[in-house]
Amino acid sequence: MAIFNGKKNNETELGFGSKNYKDSVRFLNIDGTVNVKRTGMGMANLDPYHWLTTIPFKKFIFITLGFYTIVNLFFASIYFTLCYNSFGGLESSKGSERFLDLVYFSSQTITTVGYGHVYPKEHLASLIASFESLFGLMLFAIVTGVLFGRFSRPKNSLLYSKNILLAPYKDMTALMFRVANTKQYELIENEANVVMTIKNPTTNKREFFSLPLELDKINFLALSWTIVHPIDEKSPLYGLSITDLQERDAEIIILIKGITDTFSQTVFSRQSYKASQFLDKRKFVPVKQDVNEKGRVIISLEDIHVFENV
Amino acid sequence: MAIFNGKKNNETELGFGSKNYKDSVRFLNIDGTVNVKRTGMGMANLDPYHWLTTIPFKKFIFITLGFYTIVNLFFASIYFTLCYNSFGGLESSKGSERFLDLVYFSSQTITTVGYGHVYPKEHLASLIASFESLFGLMLFAIVTGVLFGRFSRPKNSLLYSKNILLAPYKDMTALMFRVANTKQYELIENEANVVMTIKNPTTNKREFFSLPLELDKINFLALSWTIVHPIDEKSPLYGLSITDLQERDAEIIILIKGITDTFSQTVFSRQSYKASQFLDKRKFVPVKQDVNEKGRVIISLEDIHVFENV
Amino acid sequence: MAIFNGKKNNETELGFGSKNYKDSVRFLNIDGTVNVKRTGMGMANLDPYHWLTTIPFKKFIFITLGFYTIVNLFFASIYFTLCYNSFGGLESSKGSERFLDLVYFSSQTITTVGYGHVYPKEHLASLIASFESLFGLMLFAIVTGVLFGRFSRPKNSLLYSKNILLAPYKDMTALMFRVANTKQYELIENEANVVMTIKNPTTNKREFFSLPLELDKINFLALSWTIVHPIDEKSPLYGLSITDLQERDAEIIILIKGITDTFSQTVFSRQSYKASQFLDKRKFVPVKQDVNEKGRVIISLEDIHVFENV
Amino acid sequence: MAIFNGKKNNETELGFGSKNYKDSVRFLNIDGTVNVKRTGMGMANLDPYHWLTTIPFKKFIFITLGFYTIVNLFFASIYFTLCYNSFGGLESSKGSERFLDLVYFSSQTITTVGYGHVYPKEHLASLIASFESLFGLMLFAIVTGVLFGRFSRPKNSLLYSKNILLAPYKDMTALMFRVANTKQYELIENEANVVMTIKNPTTNKREFFSLPLELDKINFLALSWTIVHPIDEKSPLYGLSITDLQERDAEIIILIKGITDTFSQTVFSRQSYKASQFLDKRKFVPVKQDVNEKGRVIISLEDIHVFENV
């Protein structure tokens, strides 16, 4: 099952169109996200769940605290305005002090703590508090869902070598880079697909080529995986120097798909290399494999970046 | 892996049967749902979870509020009938006032707020309250699940061009429409399948034809995707005018499958075009792609509807 | 992607072995479950989550209520034994009355209601109550998970015709049965696989044959689906009468796979027909399709059982 | 869809590299985990959700209790330091007793029990308590998520025969082992893939060979499944004795993939056999199948280990 589905002659379609930009434009950002912003839908294209599960954790905490504060101020304002004298346990407080006490009462209601030293003693206050506690439970149901979504969503866990090398391979040259799994769980049934986008100097349009790999599937990503595209005569890289690649604004776009062994989640990892990350006349130094006293094979992930001159 | 699985000669089977109706009948509604109502199973075919996760949000909130109110009235009635004098903190209230106080007590119990200014002081009241709080926790467990289901379920996020065009393509004509992803996440491994249903004027039965596409897979739906069915001699559209299509009540049925990059969810999008949405002698205006000051490619989704005369 | 993976000559392997039993034995029960009980693993093969999510709802409620009662009696016993005089608000109650009050206190603690008219006033009672409330939260976390699992798990929603018919088909006979989707959501990308198991009178062993279908995939299960196995010379049913099938204890085993359109869940439906459910010289009456005043196509699911004499 | 994706000549790539170690090294541990430790990423490769859902249950409970205690001590310290006199209901307690009372208050706040016999009566205490209860709700949201993750994650439920046999098969020898499903649910669409790793005495490197199976798919894993690799001339095992296999440190690596029928979860099971677990001149005793009084087929899982001399 090919991930990148090509047309006959290795030309392929990534969904980026063929327009060529004046300046060099990345198709994938360094973090693997697609470098496109879609506008014109107003707020209709905002999915709050997706947003809350993908923003950084600090931002999520900040939003939660802010929202919690605002909601408590909102309910306190309602109680203060409509039910100033409707609470037992608050008889002695006045003005802004009464307002703060109502903020605390609101927080005790919305979190369902309900100490009860302050309590609603008239009908409207009881009614509003009754719906505030319902609102609180629904809010925390959402928070539970979002936190579960954040934790359980498939994480991209691959480390890519910093450079892509044009290294000797059999009696020719091959494009090579390495990936390793950084997580403590295993990735199985891994499939890699590599596409090059390059400017055609004749038509001045971008073209996309699927790069055939020496091996595009691997059962376990236990150690590191060197992904190899042999540059034979059929390769769109054939005869191009690194300077050519830079001039024609080449970008190598990688999509690797795997399955986590513990949750059977399909995980996609994307990465791109611009021509400036290419190096020639280098080859990767094999990743050192040691066996420790318990008989476990040990590798150091930092080793996947290491290359040497040929 | 074909989504629409055809028989030999491009004839295909959608599961709609071949009956022809007197009037024009849509097979897919405008919102992509299937225009069939199945009866004869009583309530057995109702799945409450599915129902609660797919109704509009406002309706869901309305149902929740209504149910919460009813449950509290129900428990208050029990307390009022069986345990009128069993509560501490309520000695001064009488009649309907006592009933309302018991409603508030019920809400404080079911949400587990439990202020405690009102509390059960005899056995039966304590026992019922004990099960009411258990009931409340289970109820909110269900609400949590439903809210999570609502938020996390795969959303249909494709925008389709308003019209389907019969546009020039190479030295012939092709049927073309465009789709774009409206969400902030990416759709990968997209596959499109297009089927036409049309009345056979000889047999007076509906026939279904799978329409081969110039390109039926795309890796990313980053920009817009123009889906093209070339009308060559083998096409069931060959030689038919828009008037013919309208007379024979043609409908183009589309199923697009993709995977969200953040949750690896498979999403299905369905759409149908009736013959009245066909336009000939038009072609789509390419969607404008700009690069903003941060180097991001910007497109406006509204552009996918725009066409021009040929 | 064949679900039933056969060997060359249509013989196939279901995983039931080839042993022939003295009496007639069903391979699939009427509810689609596999008629095998695996022993010899003690309790190691019990998965409590799986068990709690698949037992009938009434049983689940009964277990929850029972467990809640037992846990409260357990904690009340601890409080009664170790902390008889450690509670504020209970000074007046004695003996069994005190015990019951401690049961209510326990329930107010474990559900986190915490009215507070009874409260722990010494260290040990406070400490135990502190862990009881933690225990309660974890318990309800589990209940939430189980309820979500119960609601969200893919449900088998197919209705099968009561009988399997040997009906005229082109110029021969075909084995036919019908299925329909009983739920309000759609099933897409449906695939059917049909296997026959039959005793070989020569070897006295069971044999399994995959039955090729006229159409084994259908895009939508919008109306009803008639599944047809033409009995040509290659069919293992060729030349066999219903009496032969009964004598040789034949069973038709069906596995249908589909995807729900709302949650993209893969659902498997299994069914089996024994020879006693076969009828010959009958054919199915087409399911009536009406269009109601809103333009919706209406079918009645009960119609799928209806057949007529040939 | 091959799980183990081989190159042309049966040589395959498992992702373990070809390095040969001085001593015998297992590639898969006895519990099926990969025997590799990846270092060099600091804490960046730790996924707390994954960790909490995969540690043993006892350890999870221990961590929860420990964390709960620490958090309560932490909040009690804050209250003790900043709000010593800010609590109602605590006037009589002093020093360490006051500290313990604040620990209990903290636990009543974080679990949202909130009895209220102790309550914050000044602003700072009210404010801190307000955020502690929010923190508590978020904490229990996480606990709910982790418990759900623990319960719902796909479990490896296969039992493997203790030995792998070189047994007579047709007119040659075959490598055979057996698996059975230990759970009460069914596994469907099972696929097995078997790879052998063995030292090449000439190059002193490890080689990996995919072993073709007599049958690599099975529809149901209802009874037991004997997995058979016939040792014909093309087999990498051809002509090798058990002593040869031991000397060349052979390991048979197995990956079996199935789908649970109740949750449609894909489950992966891995296992490896070292040469010391090989036995020749033995064959498996068929697993006894009985039919009980209710017509159910009964098997005993322990039987899958049983073999006899040839």
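Letters A, B, C and D mark the chains as written, and numbering starts fresh at 1 in each.
One rule holds in what follows: a contact is a pair of C-beta atoms (placed from the backbone, for glycine too) under 8 Å apart; a residue touches a chain by one contact, two chains touch by 3 or more.
Just so we're clear, the structure is a prediction, and the values are computed from it rather than from any experiment.
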item	value
Copies chain D and chain A - interface residue numbers shared by over half, same or different	different
Chain at maximum distance from chain B, centres defined as averaged CA atoms	D
Separation of mean Cα positions, chain D and chain B [Å, integer]	36
Chain centre separation in whole Å, for chain D relative to chain C (CA means)	26
Where chain C touches two or more other chains at once, by residue number	1, 108, 112-116, 144, 148
Chain C to chain A touching residues, read off their complex	112, 114-116, 144
Chain C residues within the chain B interface of the complex	1, 64-65, 68, 72, 100-101, 103-104, 107-108, 111-117, 140, 143-144, 147-148, 151-152, 155, 157, 159, 180-186, 188-190, 215-223, 225, 259, 261-264, 289, 291-292, 295-303
Interfacial residue positions of chain B with respect to chain C in the complex	1, 3-5, 7, 12-17, 19, 21-23, 25-27, 33-41, 44-51, 53-54, 88, 108-109, 112-116, 119-121, 123, 126-127, 129-131, 133-134, 136-138, 141-142, 144-146, 148-149, 153-154, 193, 195, 255, 265-268, 270
